[in-house]
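Chain nomenclature is as follows: A, B, C, D, E and F, assigned in order of appearance, with residue numbering initiated at 1 for each chain independently.
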Amino acid sequence: MDDLTHFDDQGAARMVDVGDKPSTRRGALAEGRIRMRPATLERIRQGGAGKGDVLGVARIAGIMGAKRTADLIPLCHPLALSRVEIAFTPDAENSAVTCSARVETTAPTGVEMEALCAVQVALLTIYDMCKASDRGMTIEQVRLVEKHGGRSGHWQRPVEA
Amino acid sequence: MDDLTHFDDQGAARMVDVGDKPSTRRGALAEGRIRMRPATLERIRQGGAGKGDVLGVARIAGIMGAKRTADLIPLCHPLALSRVEIAFTPDAENSAVTCSARVETTAPTGVEMEALCAVQVALLTIYDMCKASDRGMTIEQVRLVEKHGGRSGHWQRPVEA
Amino acid sequence: MDDLTHFDDQGAARMVDVGDKPSTRRGALAEGRIRMRPATLERIRQGGAGKGDVLGVARIAGIMGAKRTADLIPLCHPLALSRVEIAFTPDAENSAVTCSARVETTAPTGVEMEALCAVQVALLTIYDMCKASDRGMTIEQVRLVEKHGGRSGHWQRPVEA
Amino acid sequence: MDDLTHFDDQGAARMVDVGDKPSTRRGALAEGRIRMRPATLERIRQGGAGKGDVLGVARIAGIMGAKRTADLIPLCHPLALSRVEIAFTPDAENSAVTCSARVETTAPTGVEMEALCAVQVALLTIYDMCKASDRGMTIEQVRLVEKHGGRSGHWQRPVEA
Amino acid sequence: MDDLTHFDDQGAARMVDVGDKPSTRRGALAEGRIRMRPATLERIRQGGAGKGDVLGVARIAGIMGAKRTADLIPLCHPLALSRVEIAFTPDAENSAVTCSARVETTAPTGVEMEALCAVQVALLTIYDMCKASDRGMTIEQVRLVEKHGGRSGHWQRPVEA
Amino acid sequence: MDDLTHFDDQGAARMVDVGDKPSTRRGALAEGRIRMRPATLERIRQGGAGKGDVLGVARIAGIMGAKRTADLIPLCHPLALSRVEIAFTPDAENSAVTCSARVETTAPTGVEMEALCAVQVALLTIYDMCKASDRGMTIEQVRLVEKHGGRSGHWQRPVEA
């Protein structure tokens, strides 16, 4: 591992120069999950029909979070996103809700951070709405699943042993 | 688990009324970690001496992230924070960096979300700065460790078996 | 009408000095509506059960909009809101959705602007989500209904003739 | 009215994918008005010459509001605006000030929301500056007047009967 | 000069703990100026009467800038400002416009940064509006003039020799 | 000096229409300095090795400040920046730290304001971190050094006599 591109020769942080990179179609898929008590999961699953739609609120927060990425992450380039979609999957086996975020853009740099940021904000919002009764919820396995476009091309997370 | 306070009787989301709660001293401690390749961890540990201080940048991002919590989490109350401190600990055994955030306020509601938000933004910033050489890093075990103050008083995360 | 407090003697705009005003409990209720085609109203009313919850999204936008008021309105004081609630009422007679926002704080100045801002952002969000099929929707009757607290005390909108 | 594009098949909100739409020149014109007491209107009309320029402040707020649209409206795409102009017209007959906002961009999606958002923030700012003496002001007739560009082409508000 | 309070014993940046400091009335006055060509100054002085009010726009930007201080300066505490006033003085002798900003709060920490931030944003806005014809304008002498309140009490800038 | 482009014929402020300008590569270099006591300068120079890296924090603040320019300066166009770099140079002779910021974009308008904004926020951050022991620090000589690209082409600050 030779170098971190976010620093110059003297070790000073910088927003990397992407001025010579072409503006191309790029995308990223990130995911993560929040573990909770079974009763909390059950409560979330019942939502939506006049009982409080936790995932609906978290989805909006995640989409808006993707748009705030360059405000939050110091060296991220501001980007015009062309697509943000967030999906939740209840996971009874692990007593968790899994969140995935797909983000796309046409830009000289990728949207991995935007996808991860959407996942993080969505999961934090679930925590916020359920914390009064389940303070111990844990966010885990937040990671990039896939990216496409750009010089480094397609990347897919290797299957873990 | 009877109810989620962030919804009214019809299931409509709301910012909970804290107007009757006294403004008292409150604090929260949250933590999380990001797992990475050993070479990435080694690179981060070498930082600081003119070689690029990844954790220094992430710390600033985390502190600023705590201040943006009410912008990101839909139903969070805006609060005037009185203290934000972020610490990183390299964890060679798990090939990870652990981040903890301590936040305090004097307010009618707590700062759990601010502490968690600081951790998330700090860890995302580490991901951003190292992703060019280690795209597979994973954020995990993001959780509340402790809170104090307010009607529910002191809470400490139970030790896991 | 002698003077506008937001200007000094030379006509220069200013954020009014509220340093001598006590911090007291204050509240405001604002409302407004968006008129639309009957088919659009019908579509919105069907939402929620797996078909797209327009009002759920607009409610979140309105609550977050209340928190952004001091960012948007130049001379507004930044405030720590203690409550934000937004309600929608379908109005078949006028082929409209009515939105009301109740905001409260304990502060030296009132929250009329926060309540109005919440209504405006909520109604704009409804417009955004339905505009592809009903571009002619109109926002109207956005106004303060009631306020309480502060030196000027209780105010209620007079019934119109 | 078959469908709302801001929701997927399961009714989940999303930022619509515009990745396949070409970046073209687009524009929108929106308008709205705020009704007030005749004395308030007279006071606003006298402004500007060392007496407090209400409309000057509101114009700046509206321009800045257009730039915040994607921060406020959950499913709006962030856009690089190429033009924002705001005009006010006193309307003595209705004892109102009319505001119109023209916004343009070169992008894969339109700027109707940006124009409407500019009008709303400008009118709210007028309310804020005059509310101490005229709390009953009402914002009304906020609507799109015209749009051009994009796949749906030119649209003009039909004349009302 | 023993220590910088914004760092802990290990040199890690932090938002200083002000939880034990009482919330008291505090104020700050900052100033700065922008030097320009005489013709630019003349043009600015003519503004206001239907010719473009550069200082009116800059004043609004400065007031709004004061409110964004905690967003911009990493270790600043978020504060509820109770007063922001900005004044401009043409200075023909130095071919400059001087800006001063007075900010007040009731809080456990001071508003020096808010006053300086207001001055900086106001002067930058003047630069922006005049840069097409006078790119060489220089911002200078931005400094704190006075502060009051808090443990360190009253401070006044010493007269320079 | 005939006209200021940020105003229309009636003197109303506007975001200038750049819709007909081609999107080209543009850059700007700005600089400024903050004067301080020799002891403060010495303290800053010692930073970085576990003693508190003032310039590291200020650099991050400056980079993030560049991204906030269109939020702060009313009539600035929002832009997607392709590069932001900030450098600090201790200047013992003047007992000052000089900051320079280089910003680039591919856009229909330039990035002079972004470069100046980065310098201002970086210098303010230095002030914030050292103000407890040196309240009298002064920011000065903030100015554009060079710009390239766009219709007006290359501009370099003339050497001062």
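As a working rule, contacts are C-beta pairs under 8 Å (C-beta built on N, C-alpha and C of every residue); 3 or more make two chains touch, one makes a residue touch a chain.
To keep track of the chains, here are their UniProt names: A, B, C, D, E, F = Cyclic pyranopterin monophosphate synthase.
None of these values were measured; they are calculated from a predicted model.
Novice: Give me the set of chains touching chain B intersected with the set touching chain E.
Specialist: In this structure, the chains that contact chain E and also chain B are C, F.
Novice: Average the CA atoms of each chain to get its centre, and name the chain whose centre is farthest from that of chain C.
Specialist: Comparing chain centres, F lies farthest from chain C.
Novice: With contacts counted as defined, which of the two, D-F or D-E, has more C-beta pairs across the interface?
Specialist: Looking at D-F and D-E side by side, D-F shows more C-beta contacts.
Novice: For chain C and chain D, let me know how many angstrom lie between their CA-based centres, rounded off.
Specialist: Taking the mean C-alpha position of each chain, the two centres sit 16 Å apart.
Novice: Could you put a whole-Å number on the gap between the CA centroids of chain B and chain C?
Specialist: 31
Novice: In whole angstrom, what separates the CA-based centres of chain C and chain F?
Specialist: Those two chain centres are 37 Å apart.
Novice: Would you mind listing the residues of chain B that make contact with two or more other chains?
Specialist: If we look for residues of chain B contacting two or more partner chains, we find 12-13, 49-50, 53, 56-57, 60-61, 64, 68, 71, 74-75, 79-80.
Novice: Can you identify all of the chain pairs that touch?
Specialist: A-B, A-C, A-D, A-F, B-C, B-E, B-F, C-D, C-E, D-E, D-F, E-F
Novice: What part of chain D is in contact with chain E in the complex they form?
Specialist: 48-50, 53, 56-57, 60-61, 64
Novice: In the complex of these two chains, what residues of chain E are touching chain C?
Specialist: 25, 56, 59-60, 63-64, 66-68, 79-87, 104-106
Novice: Which of the residues in chain A end up touching chain F in this complex?
Specialist: On the chain A side, the touching residues are 8, 12-19, 70-71, 74-75, 77-80, 107-108.
Novice: Spell out the part of chain E that touches chain F in their complex, as residue ranges.
Specialist: Checking each residue of chain E against chain F gives 1, 4-7, 10-13, 32, 37, 39-40, 42-43, 47, 49-54, 57, 60-61, 64-65, 68, 71-76, 112-113, 116-117, 120-121, 124-125, 127-144, 147, 155, 157-158.
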